[in-house]
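Order of writing sets the labels: A, B, C and D. Residues in every chain begin at 1.
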């Protein structure tokens, strides 16, 4: 019983990372039909940037974190939209998706060749240690990850629903054409979603790298998990991605323990296929009427 | 030739009975009943949002009607898939352009006919044009597209694509053709030519037409009989002359 | 003067194909094993890409499972031809080849069913799940596939009583099979089926209204594309003589997808060009040391930014521009003449 | 279309050109075929750097039989197909020997090519099966798993005194090979397998596996993962408050793992084939030189590459000529001692299968360092 509880708690912690990545993925998909195959690499890179700033520029850690965050937002928030998505989008969804695949290789190889092929320690703000909860051991880091991620998501949700800018962004996400007619500066709103996506990726990166270690290949697993989370939850909204993230984290952990660790990787994907086949709008998604 | 003659000449080809389509609380099509006789050209008009297109889509299997039935030559076809309907001889054109831009005009036409001849196997191992070369050539000539036969359809002008769109609907020798705003966006010269071609093909192939259209002149001069729809319901039915004189129709149009 | 449609261009493509095969017959004569290996590898991956090009480029169905089909074909062939294989020694490879194609064809049909229900990118994820599962089976079911240790000693085929041990002989055999498969694909694309596949990609709704059976053609596009993956696998196994799960992983499917797009999806010769880009270029870029993947990715990205329709799309674009320019020059010239008149 | 042909011809021309380049007269070409990217990047990079260090030293001292070594390295991306191509390329380029790869799958895929060409291939792989297939050109640089695992099983029985063990392994040829080798050895000694847990190569999240190990309630856990995964696992299991012995083989106690796992590596113990921390003067000396040149601490793969290159030198000098056939003959059964060839680092013997036999060590992580606690004799005395 306490094994189950432990698995659930650990799954929620991992799931909250997936949720962060999935939310960004969803936002970017909604506003500009970008299926970002580099989403996992987006989570991988910020930690590498921090370490690179420490190593090459000899910056103290806080300065490196600030610099890396700024550089990442500029390059992969603004730059990603401006120089990759905008020029490619008019050619359709597929070429853009392929371009993000190429980008993912580029980011991965860039991190490897430009920084290091090896995993690196990444400093953690939270001390090692564990607490006991109903007979289950729970690490402080897992708790911290969970709390920070959930707070970030709640803040985002509040921003989207309670502020004028947030509502405009949501309107743009749901129907850019109508939003434009209503006088919403859709271009700026779309850019905002890209910046939020980059920001969430930075947060996820800083949270997860102390545990996973910073390495160029870390994005592969996270990227796939984020897709699955986004689709399972429903592409329409933040809440869906959040739920999807938790589900994928849980399913993955439970599968590893109770199904077969050799077939572990297939279980979340099987879940994904079931959702796609039987509830293609996602668990929290809205059904869209068949149009002609 | 008047509508009365048509009624006398043909048996009912398409019958729509008590057809309804609701989207949530909105009754886009509300208990619509009408018949189309063999060889007839029937027009359906009405202001924007009156349910014409939804009605079309329900008949053609693009949307599942909420209620009611559709029969074709006595056989029920309610809710059949578009491809199945097409193989029963129902063909259509679309309001927005729907040609295959990367195929040539000729290939568009052959494609429009190929699934009606032979089997899957003969389509793989048989001749490249599925034996439709002559038919396509004839159709190209008929719609005056000769000089464009081997151009990509995507490179044609809007009006030319409309002609091609219509021509494709006739390639398989359909019994019933539903035309969704064939005149929309077409210039005046092209319009006259389109109307004349439609009449000619109606005469020669004996096909039955249902036409949705905004352009009043076009409808009134093409159709034998006209149905006026408003707010999902049939408002009036009659010959073009009768419709022109109907006060309810005038009210519906001027009221908007 | 409009550009030719992809289908009417096919006749010219056949000519290029035959000519290319004739040249390739003689090209590697002076090469060493490594060079021959690289060209052989290129042909095999071209076949796999050709299949994906049908599924993706012509019929517009996004599949991330082509490397899995390659794997199914490779393991089937390995199992049937290696020591203790099912078929006799002389017929073992041809039978294995057909079985690989048939098995992947069936798998393609199976995978095609979700494609009927699912739209857009969702399909890509269903195929992704399938490819992951296949990889795990290749790796975990050691009793069947040799698992992580791989499947060693896959024999080269025997032809007319001669075992194709020599690399050049095997390459020429490969070339003949590639040519045969290419001609078959060429025939398929210029038949009414090819037209129906394109209709499926360009406008499924309109295609259905013209009586095109979306269900049959979707399944066929998937199954035939998968079958070509299987055929490629049946050639891959004896070429490498050893297989393990790595070349059939998800990332390999991604690279195949890149290959088709880079070459130019929906262009008959695109897969050959794309495979040269994805599988030969990296070998040539080995001189850049560890950086060649970086260079490769950057090249792909740059190409897609300039021409989303791939290399052949780029060629067409340039040709189109020249045509427009020539027409413009002609108009200018005639204008000058008109103005010059008093 | 013309572009297809043209690019094709360009490709063939370029290939022909690259193939035509002959090695310089007074140099002997040795081609490294190594995992510089993909799953094997860490191991491969160490192997390559170790070999490079040896090459530089040998060249500085005048080369082998007066010839300088020309050491060219091709990346395999840890992909068997690419490995094959690279080995083939090395053979075509007239390499005297192929150096690498390190991962056993790619070795299995490529060793037939070296065999066909009669070119010696000096590899870093440890999977038991490699030397059982009658390939006469293959030489290991470290202990075969089949030889290492019995030593470790004894350790579980005698030192750890475990009656049940949870086994965590990475699901690739290395991990699976180790698992397949140790489980029968443990069972032979009456030790129960309490859990048998496969993990993915490159896996990042080990929480579920750690929880499973903890709840298996075994007396000890055997961890057989690659370096980074070992570090992640150690962190994950320490987070679960695990306090039973954590035992590994070579990798678990490597410098990289200790660096990455930090405090979580403390107390991990087991068997080590090669280690810069072993109480052998040569290893320490090598470790210093490696650190100085590459600015990080070598793991056992660095030692493999370094000592492998000296093995090559020693055997060639013994035959007195650059003759592959003579090399193969002399290398099988070769005994190389540190007093004759300091670069071999530890007395080693190669048998007729290409397996190597030598002393090995028991070690433990204490105070953030690998501490050797015992020395085990070679499997067969020589």
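The criterion applied here is as follows: a contact is a pair of C-beta atoms (placed from the backbone, for glycine too) under 8 Å apart; a residue touches a chain by one contact, two chains touch by 3 or more.
These numbers come from a predicted model, not from an experiment.
Peer 1: Could you see whether A-C or C-D has the larger number of C-beta contact pairs?
Peer 2: Between the two chain pairs, C-D has more contacting C-beta pairs.
Peer 1: Where the centre means the average of the CA atoms, what chain is farthest from subunit A?
Peer 2: Checked the centroid distances; the maximum from subunit A is B.
Peer 1: Calculate how many whole Å lie between the centre of subunit A and the centre of subunit B, each centre taken as the average of the chain's C-alpha atoms.
Peer 2: Averaging C-alpha atoms per chain gives centres 49 Å apart.
Peer 1: With centres defined as the mean C-alpha position, give me the subunit A-subunit C separation in Å.
Peer 2: Computed from C-alpha means, the inter-chain centre distance equals 33 Å.
Peer 1: Using CA atom averages as chain centres, what separation in Å is found between subunit A and subunit D?
Peer 2: Result: the chain centres lie 36 Å from each other.
Peer 1: Can you list the subunit D residues in contact with two or more other chains?
Peer 2: 36-37, 171
Peer 1: Taking each residue of subunit A in turn, which ones touch at least two of the other chains?
Peer 2: 109, 112, 262, 265, 292 - these are the residues of subunit A that touch more than one other chain.
Peer 1: Which positions in subunit B are in touch with at least two other chains?
Peer 2: 62
Peer 1: List the residues on subunit A that touch subunit D in their complex, please.
Peer 2: Per the stated touch rule, the residues are 2-3, 6-7, 10-11, 13-14, 109, 112, 117-121, 128, 130, 137, 139, 141-142, 208, 211-213, 215, 217-218, 220-222, 252-254, 256-257, 261-262, 264-265.
Peer 1: Show me the residue ranges of subunit D that touch subunit A in the complex, using the header's touch definition.
Peer 2: Contact set of subunit D toward subunit A: 36-37, 41-42, 45, 171, 197-200, 202-205, 207-209, 211-212, 214-215, 227-228, 231-232, 235-236, 238-241, 256, 259-260, 262-264.
Peer 1: Which residues of subunit B touch subunit C in their complex?
Peer 2: These residues of subunit B touch subunit C: 60, 62, 81-83, 86-87, 91-92, 94, 98-104, 107, 110-112, 114-116, 120, 123-126, 128-130, 150-152, 155, 168, 171-172.
Peer 1: Touching subunit A in the complex: which residues of subunit C?
Peer 2: Subunit C reaches subunit A through residues 62, 114, 117-122, 125-126, 128-129, 132-133, 136, 139-140, 205, 254, 257-258, 261, 290-291, 293-294, 296-298, 300-301, 304-305, 308-309.
Peer 1: In their shared complex, at which residues does subunit D touch subunit C?
Peer 2: 1, 3-5, 7-8, 11-12, 14-16, 18-19, 36-37, 73-75, 77-81, 84-86, 88-89, 91-93, 104-105, 108-110, 112, 127, 129, 133, 171-173, 175-177
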